[in-house]
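Here chain A shows up in two complexes: once beside chain B, once beside chain C.
Then we have the complex of A and B:
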């Protein structure tokens, strides 16, 4: 979770958004974290680099909880 | 060091592209073809650190992800991709064989797109403003008897290139096509002298396209000199009409 928070905050800072304190499983990637399609693409490759999991491979991912489930192989 | 992937590196235009990249730039080259490792001796002797041949059969589209994850990304960050490998399934449409058509599209289109996917993902990861070059064919622009299916695979890649250029331009990633005319390569060995003569008669310069001219155009599109060029096609075809 901490590594994921770090990645998301780095990307938010690059896009000129404020960093966030913590991640909640219910957070929506687009609505709550304002990630656009390019930021989601970058998030995908950074997560893949870190955890060897392609979060979008089987379809659209909406929330932080869904990403964590994929990373943990649930 | 950043790397350029060149498919079909073991012969013809691909081999010449690899030679020119290694001789004229500081990039490393990752060669991908069925016989890449067998044909690598000479290049490895001159460029032991800058040339990495990977033997791979590009009809295996599903294997490209593991190829990238287990081999390519461990070599280093990708700056460029040259999708040069191609199969020519040459017949009139009324003889269309689905199996052969599928195999050709696997190499010419699906694998080329899949490699583009991983090249772009690698560029995103490393924030690389990279360059992709697809080798198309004059047959996608000028009709030839027997080449409709091959030409369709090249037309698909030209459309793909224009749209990926639009899609990834904001990240500084470029995509272009080089459109060679007929060259004297292994791909054209099935043509008779008479067929070749008729093809060359349709060019302004009345001869076969020079392989090194095609390769140097690829090198130009890969380079910073072409930093304002994306989403386009450059014909290197002796002025085919």
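Then we have the complex of A and C:
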């Protein structure tokens, strides 16, 4: 979760947004973190670089919790 | 009840209102440049120019002033208006439809990412824009989800298909994906046309439900994705899935079920492939452009195809450097030219990174002046790109490197 927070904050910082304090498993990527498709693509690439997992491979990722589950291979 | 033309941001614009606004519009403008791409204003502008038969240039509201200047347009001329010489008073929508059928000279101009790094200007007639529009009584009750940028070719295709059949358009392009399922239900949407990227993003919110009213799901602008089609089939069990090959140069040309595109009999003599398997289109099927490079009247699309039989083909890949970010074509040269203007950039290479959300994404390798702080400079580069370029042209991941690969001729290697 910490590593993911780091990745998301790096993205936010580069885009000129304020960083966030913490992540909750229930956070919705599009609604709560307001990621549009370009930012989701960016997140996917960054996570793939770090964890070697394509979180969008099956197309159905909605929350932070679902990303964590994919990274942990659950 | 009055028939609704467009629903956008919870506001319903009726055909009655459209008629009234067309009758009341006192000025004509050569450019249609609408802040935030407000769809009603864009559609009103297009229909007005069509009815009064004056040419119009449609500019993406996402263009920065800098980009507009790059197109060779004086920013001050965007607000140019002339008072209409002739005013007409339409009483019924049918009169409008009748008048549209008699259009002769009308031209609509769009700008597309060109292969030289400078966007090229493409002018279309009513005929090339609406070539694949089908008008029939059986389409009377179609309700369209509008999920494209309204200033781009694909959006115009959907607009004309819906408008010429007097259908209702539900604008979902910048709606939050979460609201899309409720909009499909509320308005009983029957037709959706969008990019694979859009469907991938909305899928998590549709997943697990079925929408029996949706009769047709159309894909355009991006490489066909069989896996995605299967998932959408589960959500839209009654929908026919169609792929469309359209471009800013040619409008909508081929359609496919699955990945095999058909060349219709009337187009056969105007389509050919080269020995290198590149798809070529005869200029008679294209819009008009000064900057379009033709080889003996043929436009080389840069798309590599494989013929299945005499009238069917499949796409292989692209030959050119153009990068497709979620259905938007980007010329990496254009982005490089802009970012080279940032003080501290010594050289830059913009390339594609594959991903399962938008197909491709722009990333940049940058050689920077040594003294500059990396973190701050990344921020600065992205900010500069956001101000000067449309959002899909912004490199999302920037890496600082000491050197860039090049071929023996000194050309940059983008792989």
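Throughout what follows, the second predicted complex is superposed on the first by the 74 of 74 C-alpha atoms of A that agree within 3 Å, B and C clash if a C-alpha of one lies under 4 Å from a C-alpha of the other, contacts with A are read in each partner's own complex, and residues count from 1 in each chain.
Assume contacts are C-beta pairs under 8 Å (C-beta built on N, C-alpha and C of every residue); 3 or more make two chains touch, one makes a residue touch a chain.
Please read these numbers as outputs of a predicted model, since none were measured by experiment.
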Item checked: Partner contacting more residues of chain A (chain B vs chain C) -> C
Check: For A:60, is the partner it touches chain B (first), chain C (second), both, or none of the two (neither)?
Finding: second
Notebook entry, point to check: So, A:30: does it touch chain B (first), chain C (second), both, or neither?
Noted result: second
Check: Is A:41 touching the first partner chain B, the second partner chain C, both, or neither of them?
Finding: both
Next item on the list: Could you look at A:72 and tell me whether it touches chain B, chain C, both or neither (first, second, both, neither)?
Entry: neither
Next item on the list: Kindly classify A:15 by the partners it touches after superposition: chain B alone (first), chain C alone (second), both, or neither?
Entry: second
Note to self: On the A-aligned overlay, A:52 touches which partner chain: chain B = first, chain C = second, or both, or neither?
What the structure shows: first
Checklist line | chain A residues contacted in one complex by chain B, in the other by chain C | finding: 38, 41-42, 44-46, 48
Note to self: If we count contacts the way the header does, which residues on chain A are in touch with chain B in the complex?
What the structure shows: 38, 41-42, 44-46, 48-49, 52
Next item on the list: Under the touch definition given earlier, write down the residues of chain A that touch chain C in their complex.
Entry: 13-16, 28, 30-31, 37-42, 44-46, 48, 54, 56-57, 59-62
Notebook entry, point to check: How about chain C: which of its residues touch chain A in the complex?
Noted result: 176-178, 197-198, 200-201, 203-205, 207, 227-228, 231, 325-326, 353, 355-358, 361, 363, 375, 378-379, 382-383, 391-392, 394, 396-398
Next item on the list: Show which residues of chain B lie in contact with chain A when the two form their complex.
Entry: 69, 121-122, 124-125, 170-171
